[in-house]
Amino acid sequence: MTLVETSVDMTTALGSVPLAGPVLTASGCSAFGQELEPFVDLATLGAVVTKSVQLRPRSGRPTPRMAETPSGMLNSIGLQGPGIDGLLAGELPWLAERGVPAFVSIAGTRVEDFAELATRLRGVPGVLGLEVNISCPNVESRGEVFACDPVAASDVVAAVRAAADPAQPVYAKLSPDVTDIVPVARSVTEAGADGLSMINTLLGLVIDPDTMKPVLGGVTGGLSGPAVRPVAVRCVWQVHAALPEVPILGMGGIRSGLDALQFVLAGASAVSVGTAVFSDPSATARVHRELAAALAERGFSSLREAVGHAHR
Amino acid sequence: MTLVETSVDMTTALGSVPLAGPVLTASGCSAFGQELEPFVDLATLGAVVTKSVQLRPRSGRPTPRMAETPSGMLNSIGLQGPGIDGLLAGELPWLAERGVPAFVSIAGTRVEDFAELATRLRGVPGVLGLEVNISCPNVESRGEVFACDPVAASDVVAAVRAAADPAQPVYAKLSPDVTDIVPVARSVTEAGADGLSMINTLLGLVIDPDTMKPVLGGVTGGLSGPAVRPVAVRCVWQVHAALPEVPILGMGGIRSGLDALQFVLAGASAVSVGTAVFSDPSATARVHRELAAALAERGFSSLREAVGHAHR
Amino acid sequence: MTSYLTEPAPKADQPPVQREVEVVSAAPAGAYVQLALAAPEVAERAQPGQFVAFAVGGPMTANLLRRSIAIAGTDPGAGTVTVVVAPHGPGSTWLAERRPGDTVDVVGPLGRPFPLPAPGTTALLVGGGYGAAALVGLAGLLRSRGSRVLAVSGAADAARLCSVDDLGALADRLEVTTDDGSAGRAGRVTVAVDELIGESGVAYACGPMPMLRAVADAATAAGVPSYVAVEESMACGIGVCMTCVLPVVGADGLTRFSRSCTEGPVFGGDRVRFADVGALPWDVVGADAMGVVAP
Amino acid sequence: MTSYLTEPAPKADQPPVQREVEVVSAAPAGAYVQLALAAPEVAERAQPGQFVAFAVGGPMTANLLRRSIAIAGTDPGAGTVTVVVAPHGPGSTWLAERRPGDTVDVVGPLGRPFPLPAPGTTALLVGGGYGAAALVGLAGLLRSRGSRVLAVSGAADAARLCSVDDLGALADRLEVTTDDGSAGRAGRVTVAVDELIGESGVAYACGPMPMLRAVADAATAAGVPSYVAVEESMACGIGVCMTCVLPVVGADGLTRFSRSCTEGPVFGGDRVRFADVGALPWDVVGADAMGVVAP
């Protein structure tokens, strides 16, 4: 497939960086892109959002790491990954060679971790920008998740923005598990975030009827998939209403072009497809195609025109 | 069917009031019980939890009032109902005549509204207790929902507990849309709640691909059904872990006996079946039957033994 | 206070049942699929104007809500119920794909049936699209009670016409209309209704909301009572969820948000405030508590 | 550093495809159902030990995750792939209910195939339950390369035995065991494995984890390299989700949480740390970053 099947101009941007198309992978849901190669032309992706990387290699949590739930799943991977050295040596060059832009998701448990990761990623070829996964426990605040506290969240974002390559946009990835997402969005934007990724998973728990204990070793896990889509669209809607100038990378349960359209109409200028890739490895390409067709049918000549249209 | 098909003792309690069985309807999901009569023997229900009543009759919101979502639905009914006078004149006597206990859900937009409702319900025959729906906008606090603020929530509960019949347990119904549900649970318990109902719906939004506007007139609505079950079980788990002595009426996506078992193992001593009634009008009776069988298979001789078992 | 031509439709004679039933036949019918179900208890209880609600998608379905479908016919002898399904979204498409031997979970009969006029009254029956199917049983019943039956079946095009043969066999007169003229007279059902309403003592209509409104208005203007079977989005079909409401004027002259599943789907045509469907007029009972003030 | 008998299994020769395919036959086989699928591109690429992943539940399904099923046989001429399904939860039950003419969405072949020994090496193949089916293709391939094939098919009872006829036809010797003695010799597969491992130059196993462990241990104790096809809960099957990991010792002697879908399902039997499956041993690469400290 090629990027342009319809007359609709599907180009968009992440902050100041132009993207050929609006459909990205979601962090942790397509590893580093390699495994999708048999199923999709990676060049058709707006970008590969990489699995969140930390400073050191991480084993991740013991299994079981997932539970299927109605129209969704719970996961508790524990950010298994190669660490920043591994990423710089292996995955990023692989993507760069193929001309596939990488939106690198970074994670840490201290503000300084995030800043160091941003420093290490300055000027790295093919790194289009950074997505800051602040849905991690903050070791300096009794393990409270950064994303759940506007101050902690903005500390991380300010440090990353200061350390990062100025040419790389910095997106803060927000958690829906807050009483009001707008103050968090406002505070990270004021701290310098060039855009917002929404949403990360919801905190959930499944009890195994056989063992009568939580399925996941980590007790709770992150809920994703179509089940959470109405929550995700609501978050995008609320934040776009409050901060219409802030670009949004929307995600949470996108499976089809019409699902993606909901996010675009609510205010997202690009979308990530996460869990749907597990059920359909070619989902990203299909969503792109279906979204382009849906926009054309509705008389849009460009994706940009449709962004936030439901508010008008 | 009769209440006891297995040897398992299924009796439980709401606060100090004994219940013949642990399966109740959910507020707003079985109206006032009448319509279920063709499908279930109402006497097999632990209680009918009535649609939240306010002081005055309410028309509710204009349609569309719902949208189907993956494994769930979004609703925005707007608490259509007869008002307390209508309830006292019509629905409560109907239930009392049939010996069906009513757990009356009350709602308001001011602390005094709640207190007045509790006063009006003192000593009313068949009224087993009160469920306080604090997921309503507080008109005195720029429309912020009571349940999202531990102080506002506990003000309501304290006023209701003070006004209510001492023989009627008062349960506070909590919203999952908070950064941390435990402080809210703790504060309403300290304010006198005899138990907690968890969870109310999650705030969601669906955009209609045809009109390209939110489906619901009220823009956002409440997400319910199996999609939210992992969030609900997580809330019950967290609160039971923090406040093991506080009785919990668990709900959120219960469709089967094994679903109900998850809530019981997580810490609920009774459960409400809500959205599942729309797909299966006899769901409450079936869930009771399946839960009894599941407990028997697992070697429990009483429901009470299983409450909170997953924490042990 | 305005006076109304219609009395609110009373409840059905018998309560509904919930059953897992077998599909005994499935036949395409133009743009639709006609399914016959082995559902003796539903067949024996059903009255014209009532509907059934199907669970859709099978045991692993993500679509929880039942789909309401009008009862197009019953054969209490054979124990069967017939429905006509228009594939539209995922639920009705799934239903339309059922084949003989498949089972479906059904609740019914639901809702209030069409009230019957004094024996012998001439009745006008107007069906739009698959809505015509819901009138076949009514036509038979009216005939058996000595009514003269005038029927109109209309649709966008020939493929969307429904029950033309059945109504043709039962009615004393049948007019067929299509918007595009591909069958019968070109135009809306109203072209026929305007001609026939004068001869009628009562009118019945089933079909899309704009059609119901046109028939109700024509009947009311002619001083003829009318009953319409509305089609509102329903989550439960049994009266417990309050999603299916529309503003209807009650016997006391007050407008309430009435549940189309249990207080309808059949309402007096002069009692449905069609112009206010989807709105919250100030004079609906309880609108004041929603903050709506009289203008 | 311990030295290992096995080299890690290399990748498959060809990448997988994703196709909507038709079921061409469905036959009960004891406690299982054997399905044949018209999937020429999968048939032509598949190597013994690989698996396919099915979408389950139909278009309205609430169960999003694919179900992994071992390839039990391929007929590249006919373009068909065979699988043996044990109805267990909702997904496998749905699969087992498919009938000829139904279509299913399949991704495959997935995972790494069994590495082959030097031509002529005597091979011991051990299948537990439906796991035996995954060894049929391997038996044929080994025979064609001049190996002597010794096979063991074991199960809890006679109904859960699988591929006994196929393996009997291909193997030079077949032992059948059942836990309850309802067919073959009474007892676990290990009673036969202990007898045959001495004659073997390599062992292969597919079945439940405790069986894999027993076979791997027996082989290692006898100084025989072994390859096991593990069965871990998988969300994606293609290597992107990291749910399916288990601790495996790599070529460098370090233990990593390896993905059973893309780095397996076939692992050297002496490389899988069976005792630590479901745990996080301190010496797994990256365990330190999780806060696990060396004892």
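By letter and in written order, the chains are A, B, C and D; residue numbering begins at 1 in each of them.
By our rule, a residue touches a chain if its C-beta (ideal position, glycine included) is under 8 Å from a C-beta of that chain, and two chains touch if they have at least 3 such contacts.
Not measured: the values here are computed from a predicted model.
Of the two interfaces, B-D and A-D, the higher number of touching C-beta pairs belongs to A-D.
Among the other chains, the CA centroid farthest from that of subunit A is the one of C. If you average the Cα atoms of subunit C and of subunit D, the two centres end up 56 Å apart. Between subunit B and subunit D the centroid-to-centroid distance comes to 47 Å (mean Cα coordinates, whole Å). Each chain gets one centre point, the mean of its Cα atoms, and the points for subunit B and subunit C are 34 Å apart. Of all residues in subunit A, those touching 2 or more other chains are 70-72, 225-226, listed in ascending order.
Shown for subunit C are the residues in touch with two or more other chains, namely 62-63. Viewed as a contact network, the protein chains are fully connected, with every chain touching every other.
Residues of subunit C that touch subunit B in their complex: 15-18, 55, 62-66, 105, 107, 232-233, 235-236, 238-246, 256-257, 262, 277-280, 284-290, 292. On the side of subunit C, the complex with subunit A involves touching residues 62.
Interface of subunit A with subunit D (complex): residues 28-31, 35-39, 51, 54, 56-66, 68, 70-73, 75, 77-78, 80-81, 83, 217, 225-226, 275-282. Within the complex, the subunit A residues that touch subunit B are 67, 69-72, 74, 148, 177-180, 202-207, 209, 212-214, 219-221, 223, 225-231, 233-234, 237, 253, 258, 261-262, 265-266, 294, 298, 309-310.
The part of subunit A that touches subunit C in the complex is made up of residues 70-71, 226.
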